[in-house]
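Some structures to go through are shown next.
What follows is chain A paired twice: with chain B in the first complex and chain C in the second.
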Partner chain A sequence: MWKNYLTRLVQSLPFFITGLWMTIAVSAISLAAGTLIGFFLGILRTRPNRLFRYLIGAWVDVIRGTPFLVQIFIVFFILPEFGIHLDAFPAAILALTNLGACFICEIVAAGIRSVPWGQKEAASSSGLTEWQQLRYVVMPQAMRTILPSLVGQYVLLIKDSSVVSVIGVTDVTRVGWLTVQRIPHGLMVFGLVGLLYFIICYPLIRLSNLLEKKMAKGTR
Partner chain B sequence: MIRFKNVHKWFGKIHVLNDIQLEVGAGEVLVVCGPSGSGKSTLIRCINRLEPIQKGELIVDGMEVHDHKTNMRKLRAEIGFVFQQFNLYPHMTALENVTLAPMKVRKISKKEAISAGMEVMEKVGLGDKIDAYPAQLSGGQQQRVAIARGLCMRPRIMLFDEPTSALDPEMINEVLEVMKALAREGMTMVVVTHEMGFAKEVAHRVAIMDVGQVIEIAPPHEFFSNPKSERTRLFLSKILSH
Partner chain C sequence: MLETFNFRVIFEYMPFFLKCFTATLWLSGVGLVGALAVGTLACAMRISGSKLLSTAAGVYIESIRSTPLLVQIYFFYFGLPSLGIMVTEEITGVVALSLNSGAYIAEILRAGVQSIPFGQIEASLSSGLSYFQRMRYIVFPQALGVTIPPMLGQAIVLVKDSALLSLIAVTELTRAGQIMTSERFMPAEGFFTSAVFYLVIYFMLKSLAGWSEKRLIFRESR
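Then we have the complex of A and B:
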């Protein structure tokens, strides 16, 4: 019996590959946008301006303190009540970008705070602008703390992207749900789904570990 | 060059600078000493507004530091600041540390910056260490790179905040020698230090601070041989006895 399932599963592989592409597309777009916004917010968060600091802090806490499933329901089912209608794909991108930006904001802010205050004092004493201080002195040092956690966060976000299947985005998880209705062997079907996630995530996990070791060794 | 006029500063309720009156002329070397917590570091940090003052006037090189509208970046480019903890940029070589501000603030070309950087590194006796990272240098060498970093901007004033306090004893002299050479060249310098040998040798005046006030200021020979206040005598007996 299971041989028959396996044959049918192999026949549906192209369907899985399409799903995998969707997972990769959703993740890649959200991670890229989330990284940009996350860096921007993280830097703003460490500025002296209190208003920005508190606003960003409050938003990050709300997003980090609520399930992603609830967030994506709000974007997809509640926002239309306020006249904002999004298709499943852009809704998924919006929700995942927001989630990524919030986590990355925290990573970036922590990295910036890990740079000794004397570095900033030395840089500002020499007449560098705020932007130059950040660009040449603070960020290069902060990146040593940021990079390994950032890559680790990417792994978590790629896995979180499976939640977008609930609003009808045909990512690899939804392909699993659809397939298991035809091939009633859950272990085999979702084993394949899990394997596909693992194939994307494993290199990133290794990269994160490598970066961590490399950054710990470097000059200081 | 530097003028404090009735300057006050508070950290919360603590009155760290209490009615400071002080003038430093062009080419003058002023040494500031005093017990810890007396406000001497705060005093020197106010000069380039690493710490803002809350009351009074502070005029440096013709610019009003107390006025928050003053463009501090322009003034800071004219003032070299040397920290107790060196604060070299650990991700850059010595030469990159020295040439960053000249290139980014003075906007000189990389070529010019490198030749100016080599010159100041030679001057502090580290011409052979330009490609070393701070972590590969001893404390004394790091502090000399920090001085070179200040000098490379061709500043009009150099400020030193306890430049030798974080150094092992055998490294103090190499840093003091560089500072003495600078003093003899006529650089305007304010130096917070307990190195009284340095004060005797090159300072034009020595000031002592206590609880936020300058309690005595005099040329070194007077300051050391005939201190006026009891507080100064007490302080000198403590630091000169060892």
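Then we have the complex of A and C:
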């Protein structure tokens, strides 16, 4: 019996590959956008301006405090009430970008705060402009802390992208869910789905660990 | 627009939401206890001298960390019946949650244990402390400060992760929002109410984590 299932599973492999591409597309677009926005918000958050700091802080708390599943339902079912009708794919990108931006904002802010204040004072008394201070003094040092966590965060976001399958984005999780209706052997089908995620995520986890070690070595 | 946002319906559904709120607390609580057990075991195996045990724990931790929780939930939900194991959705869900968080907790515990320099153990041995005293005064206070804050962080993640159980028809907070949406077609009222309840749990755990961070870190000397 299970041999029959296995043959049918192998036959539907192209379907899984299509799903894998969708997962990669959704994650890559939202990761790129989330990183840009996250860095922008993170830098803004460490500015002296109180209003920005509290607004961003509150938004980050709301996003970190609610499950991604609820967020995606809100984007998909409630934005239409405000007259914003999004298809599943853009809705998924929007929700995932927002999630990524919030987490990356925290990572960037923590990285910037880890740079000793004296560095900024020294840069400022050397006559560097605000932008030059950030670009040449603060950020290069902050990246030491930011980079390993950033790669770790990418792994979490790629895994979170599996949740967008519930609003009908045909990513690899949804392909598994559709396949298990025809091939009723959950261990095999979701074993394969898990394997595909593993192939993407495991190298990234290793990269994150490697970066962490390398950056820690550089400090001493 | 949201001019029609209907608080009356929310009040009507409030008892149901409260029931689901307790369900979420229960699921996460039991999941956390299970995760602590699994995590402690996996951590003990990982740092044990035995190569076999350590590899087994390593494979478990890495495969959990590299795959999404949703896939793991589906794996058990669709997979256990094909092994002939029939259990309720709640049990499947809690098992999946425990195994998932267990892997992260194992790593947190390992970091906690490894954060104590071996010299401290040697010093306490040569000061003539008993095993109990060593644990009580040297190892525990230091390991606790390193372990408790990330553990509370993991608890926050666990509560949010329990939302995914709604997809295998476990009645909890997110499912309450879905049910309200399908019964009254009021997604805004339903999901915003769920979100508010999650935020209540989040802020409680977050303030606890902040307090523990201030209180428990046993002087960082490095």
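Observations on the structure shown:
Rule of thumb we're sticking to: the second predicted complex is superposed on the first by the 218 of 220 C-alpha atoms of A that agree within 3 Å, B and C clash if a C-alpha of one lies under 4 Å from a C-alpha of the other, contacts with A are read in each partner's own complex, and residues count from 1 in each chain.
One rule holds in what follows: a residue touches a chain if its C-beta (ideal position, glycine included) is under 8 Å from a C-beta of that chain, and two chains touch if they have at least 3 such contacts.
What you are looking at is a predicted structure, and each value in this text was computed from that prediction instead of being measured.
Touch counts on chain A: comparing chain C and chain B, the chain ahead is C.
Looking at the shared chain after the overlay, A:118 reaches chain B, while chain C stays out of its contact range.
In the superposition on chain A, A:187 contacts chain C only, with no contact to chain B.
In the superposition on chain A, contact of A:136 is made with chain B only, not with chain C. Using the contact criterion defined above for the overlaid structures, shared-chain residue A:69 touches chain C, although it does not reach chain B.
In the superposed model, A:126 lies in contact with chain B only, and not with chain C. When the two structures are aligned on the shared chain, A:173 is found in touch with chain C, with no touch to chain B.
Note: no residue of chain A belongs to the chain B contact set and to the chain C contact set alike, using the contact criterion stated above. Within the complex formed with chain C, the chain A residues making contact are 61-62, 64-70, 73-74, 77-78, 81-83, 155, 159-163, 165-166, 173, 176-177, 180, 184-187, 189-191, 193-194, 197-198, 201-202, 205. Looking at the complex, you find that chain C touches chain A at residues 1-2, 62-63, 65-72, 74-83, 156, 160-164, 166-167, 174, 177-178, 181, 187-188, 191-192, 194-195, 198-199, 201-203, 206. Of all residues in chain A, only 116, 118-119, 121-129, 132, 136-137, 140-141, 219-220 touch chain B in the complex they form.
Against chain A, in their complex, chain B makes its touches with residues 48, 50, 73-74, 76-77, 79, 81, 83, 85, 87-91, 100-101, 104-105, 133-136, 149-150, 153.
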